[in-house]
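Each structure below appears as structure tokens.
Consider the two complexes below, in which subunit A is the common component and subunit B and subunit C are the respective partners.
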Partner chain A sequence: MTTNAAPLAEADNARTRPTTLLSLVARYAGLLMLAFVPLIVMWNDPYWINILAYAYLFAALAGAWNVIGGFGGQFSLGHGVFFAIGAYTVARFYLDLGVTPWLAVFPAAALATVAAVLISWPTFRLRGPFFAIATMAINEVCFALANYTERMTGGPRGILIPFRAGFSNMIFAERWKYALLTFGFMCIVVLITVLLRRSRLGHYLLAIREDEDASRAAGIDVLKVKLVGMAVSAALTGIGGGIFAMYVRVLDPPTLFTLPDIGVKFALISLIGGIGTIMGPVVGALLIVPVENFLRGTIGGEIPGGHLIVLGIVFVCASLFLKRGIVGAFTEILHRIRNRTRP
Partner chain B sequence: MTSTPFLVVDNAVRRFVGLIAVDTVSFSMERGEILSMIGPNGAGKTTMFNLITGQLSLSDGAITFCGERIEELPPHIRAQRGLGRTFQIAKPLVALTARENVMVGAFLHNRGFAEAFERANSVLAEVGLDMRADALAGELTLSERRRLEIARALALDPKLILLDEVMAGLNATEVTQVIDLIQRLNARGLTFFVIEHNLKVVRAVSRRVIVLDHGVKIAEGTATEVLSDPTVIKAYVGKRAG
Partner chain C sequence: METFFNILISGILLGGIYSLVSIGLNLIFGVVRIVNFAQGEIVMLAMYATYFCTTYLGINPYIALFLVAPLMFLFGAAVQRIVLQPLQNEPMMQIFATFGLLILFENSVLALTRGEAHSLSGAYSSMVISLFGLKASGVRIVVFLAATGIAFALMFFLQNTMPGKAIRAVIQDRQSARLMGINVERTYLLTFGLGTALAGVAGALLTPIYTLSPYIGGNFILAAFAVVVLGGLGSVPGAYFGGLIVGLIESFSGYYVDPALKQAIWFIIFVAVLVVRPSGLMGQVGAEEVGLREQS
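Our next item is the complex of A and B:
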């Protein structure tokens, strides 16, 4: 039958009107409330609340990565650089200039953005795996540099931020306050992603991911859009790095640059949760971070590094069978059900 | 033919290593016409399109569009100047819905989401895809993908659309639908430059036809003139026996 059969017109009328921004935000606010439940339940359990704070923070960081890695399709493995810049900037502003971390995250975001543009300009000429490898290499170069620039980073010994609890210091005695902070940051990232997904920039990033030639033919300045997407992503990653700095308060290069723990993890969380989806990074982080902790405690306790083997197998399986992640698989099922009701 | 030139291709040359794909081709188009380009496979038709829209750069020659030299401009600027195109192998953005595909084009002149959404809806209705607006582009049939390509180009509000074999692989009904669409849009003032193998389509839509063979323009004229030209027949079917 032809696709433009008239009788369906009535039924589809409702769909020709766009979902309003308000109802869209409400929908995601509802989902975020679900993610808030564990915080209410476990607020007084220091072990779990610690894991939860990490999970929220990494959900936000993976969400930041997802802007350019998921929507823009530029598989960066060098986001550890922006993360570290954010962490060092907040630490230096706080320790040397006495600037509260709440304000220091802004120069952190700005510097991460500058670094992102400098790194991306040459590397965006590379496509697919070559871009990923180049950004990974840049991460390793910065790792080495951080060990040498002792006046900035404290070198291999790192920077120690003394424990002085207080709201303006972003240092808290109660762990649940950190969890609340990282939850808030995660909500901001999700809100930005929702707005981005509807915006011109969001559509352009998706178009570039799908086909660069078609994008150019649609009037899109591919390099410029990629750079703006990378800048947004890096700025948010820098802020996340700053929050991380005030949370762990010990910043040495391995903590900030180790690929499996930082740069690659952002990508993996997005991959598991659903790359290029809004809630994917949140779902991925809330699953991966606790599971990783659990495995480290059980298998990792028996066989050193054993948890990494199990985690590696999980990732391989996910990339083989869950190409669009948990959220992707879920929306596909919804899509099928919705389409089944139509002839 | 003395009216202000719309598109002028002046001695266009494109060399690849060991091959001249387009060899000093010149022609011009008037606003509001439908020009067809035909020629055997490998004649340089798609290369010619890529030179006009900027996917490839000229080795020599000049291209003037609405009085402006465009051969040095990058493809996205040419699209912004009013050049829309489809690709021979359709390039649907498969993970996006049909509407989102068209919105990508519509965002060129509509900054806001709601405006782009509305614009995309009306373009989809124009090409007969309104019922499929929420389907993923990857789920569309070949005919729907071809119309989606046209829709994405139309959403740019172009002055000229270049269609690269949009009829290939379509059945007779679908071909008629697309011919109707082209004629309807043309009646509203849109100019078309069409690569087409189906000579019935060429006769139906275009007043003027140019013929390429081995990168050289071998004929130009009305469809009837060109299709009875011995050089053209020779290029297509080879030498007459005996």
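Our next item is the complex of A and C:
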């Protein structure tokens, strides 16, 4: 089964112009600097800086999803589980044990990884849409469990993290510090995906996405590669959930498990930006999150749900006409221009 | 003992609702192989259409059904032609597209109704039939009977008519079906329309039971997918009995385990069945794979 994510143009590039790791990292660092510009411009505008912090965070989370969903072609819709585990772990460690969130993200990542392996071991037998439906069902199971296990999650009322500003608490009075934090996290995720994409694991994941049976025949341990990919993805998602917890400071099950807001959103952001590309999630999030907020303020105020009507149409159109996302379309155009000038 | 039988009956009647909602999705997912996450919203749209007919045109909801179902057939056919036909062999893009449709339908209704809840329930749901100390709601019995009737009618249609045979041929092997002179695209259009029309029937019959809200589709969609996968893709009896099984599990675990966990329990059972036997309880082994391979 193939997806439309195949960044063929990217692969061609690599063949015609051998790139060293350093120049590659430099290229993506340059692109990330571009993403940093709005933070500098708007650092004093609390409304937009808030949205920007969200956008960076969701760029990172979509990037994490992209590792297994984009490179590996495994369409998980259950990443809300890892996100929630990360959020609850950081909150519990911080509130009950007094561990600083900066360190609590590590157990959060570890627990998310354990959950990912436990969930994925059986479900990786399923392919394509069946995997997506199963992971979606698991998300709903965990939603119900989070409502039920009141001692861990605070049940339907949720957990409230008191506002105590301070660097060691990862709670800041100034919004731009949050934006800086989520920007840093996004950079880490992009760096990891750059390294991963070039590694043996990255190539294996791509091979599995293109043809699972052929990969197995070629000697790839398919289950192991998928599990490792999922583990990396879940660990990063868990850390993102932890940062989210310290940012919103109110954690209830609907905030963490609602499919269109969390689990499916990671995938939709990747779709808009470009599934299976490195910068796709960043582009997608920096576009979708501000646009959604802008529309919510303008149309959403007039017509309830108006902004989501527009977004729904955008998603339908993107799946019909922009299957490789913005980055995919851009590289394709670039590729065409280059071919014309150098036949 | 009386409690047990009351739970049994409420489970069967709940199962009737799940069966009714799932039979349409079973055609769409099992035959056309479209991962239609918007199916619950189709039911929701049909509920609002029925509500509109009853409140503003004064038509009885059980008669409005015969207006709503053909309307949903046309609507479904249009959606299939415009959005889903181009994505026939791309299950991932179908997930995105139908999720987009889900968000679109849900919020369009929210915008039109301005978030007010509507309900027909008062007049109809008060009717309760009791027999030997067992109680059952009349409107739910109607749903159960309708689900049973539709399951039989659909089986007859698939077994004995030419379009039905064409649908079965496409389930088995769409490439060979095409070689035998079946117009596969037209079969898809017909089947998808039929699937949404059945969702329309479900919506009309459920209008007297539920309080209408734009988000009500979410209650049905995962249940419907669970039922379809549990029962077996493309199998009508599978969807029917799968619905009953899910209803019974939900009802019994709600009483004997914990009402907060009733959905979690049948989701876990669903995932377990999916992993152990992906073809479902009554599906052909391998049927879950064939249609999803690239065939054109």
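In this text, the second predicted complex is superposed on the first by the 323 of 343 C-alpha atoms of A that agree within 3 Å, B and C clash if a C-alpha of one lies under 4 Å from a C-alpha of the other, contacts with A are read in each partner's own complex, and residues count from 1 in each chain.
As a convention for this text, a contact is a pair of C-beta atoms (placed from the backbone, for glycine too) under 8 Å apart; a residue touches a chain by one contact, two chains touch by 3 or more.
Because the structure is a prediction, the values reported are computed rather than measured.
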Inset, instruction - For A:I220, select first, second, both or neither according to whether it touches subunit B, subunit C, the two together, or no partner. - result: first
Inset, instruction - Return the chain, subunit B or subunit C, that is in touch with more residues of subunit A. - result: C
Inset, instruction - Examine A:G276 and indicate which partner it touches, taking first as subunit B and second as subunit C; both and neither are also allowed. - result: first
Inset, instruction - Examine A:L320 and indicate which partner it touches, taking first as subunit B and second as subunit C; both and neither are also allowed. - result: second
Inset, instruction - Applying the touch criterion given at the start, work out whether A:S199 contacts subunit B, subunit C, both or neither, answering first, second, both or neither. - result: first
Inset, instruction - Could you look at A:L145 and tell me whether it touches subunit B, subunit C, both or neither (first, second, both, neither)? - result: second
Inset, instruction - Have a look at where A:A207 lands relative to subunit B and subunit C in the superposition and call it first, second, both or neither. - result: first
Inset, instruction - For A:I133, select first, second, both or neither according to whether it touches subunit B, subunit C, the two together, or no partner. - result: second
Inset, instruction - Could you look at A:I49 and tell me whether it touches subunit B, subunit C, both or neither (first, second, both, neither)? - result: neither
Inset, instruction - Touching subunit B in one complex and subunit C in the other: list those residues of subunit A. - result: 2-4
Legend entry - Partner subunit A, residues of subunit C touching it in the complex: 35, 83, 86-87, 90-97, 99-108, 110-111, 114-115, 214, 222, 225-226, 229, 258, 260-261, 263-264, 267-268, 270-271, 274-275, 278, 288-289, 292-294
Inset, instruction - Using the touch definition up top, name the residues of subunit B that touch subunit A in the complex. - result: 53-55, 74-76, 79-80, 84-85, 87, 91, 93-96, 100, 103-105, 107-108, 111, 113-114, 116-117, 121, 128-134, 136, 141, 144, 152-153, 156, 173
Legend entry - Residues of subunit A touching subunit B in the complex: 2-5, 8-9, 12, 15-16, 18, 21, 198-200, 203-204, 206-207, 209-211, 213-222, 276, 335
Legend entry - Sites on subunit A touched by subunit C in the complex: 1-4, 75, 77, 122-123, 125-130, 132-134, 136-138, 140-141, 144-145, 147-148, 260, 264, 267-268, 271, 303-306, 308-309, 311-320, 323
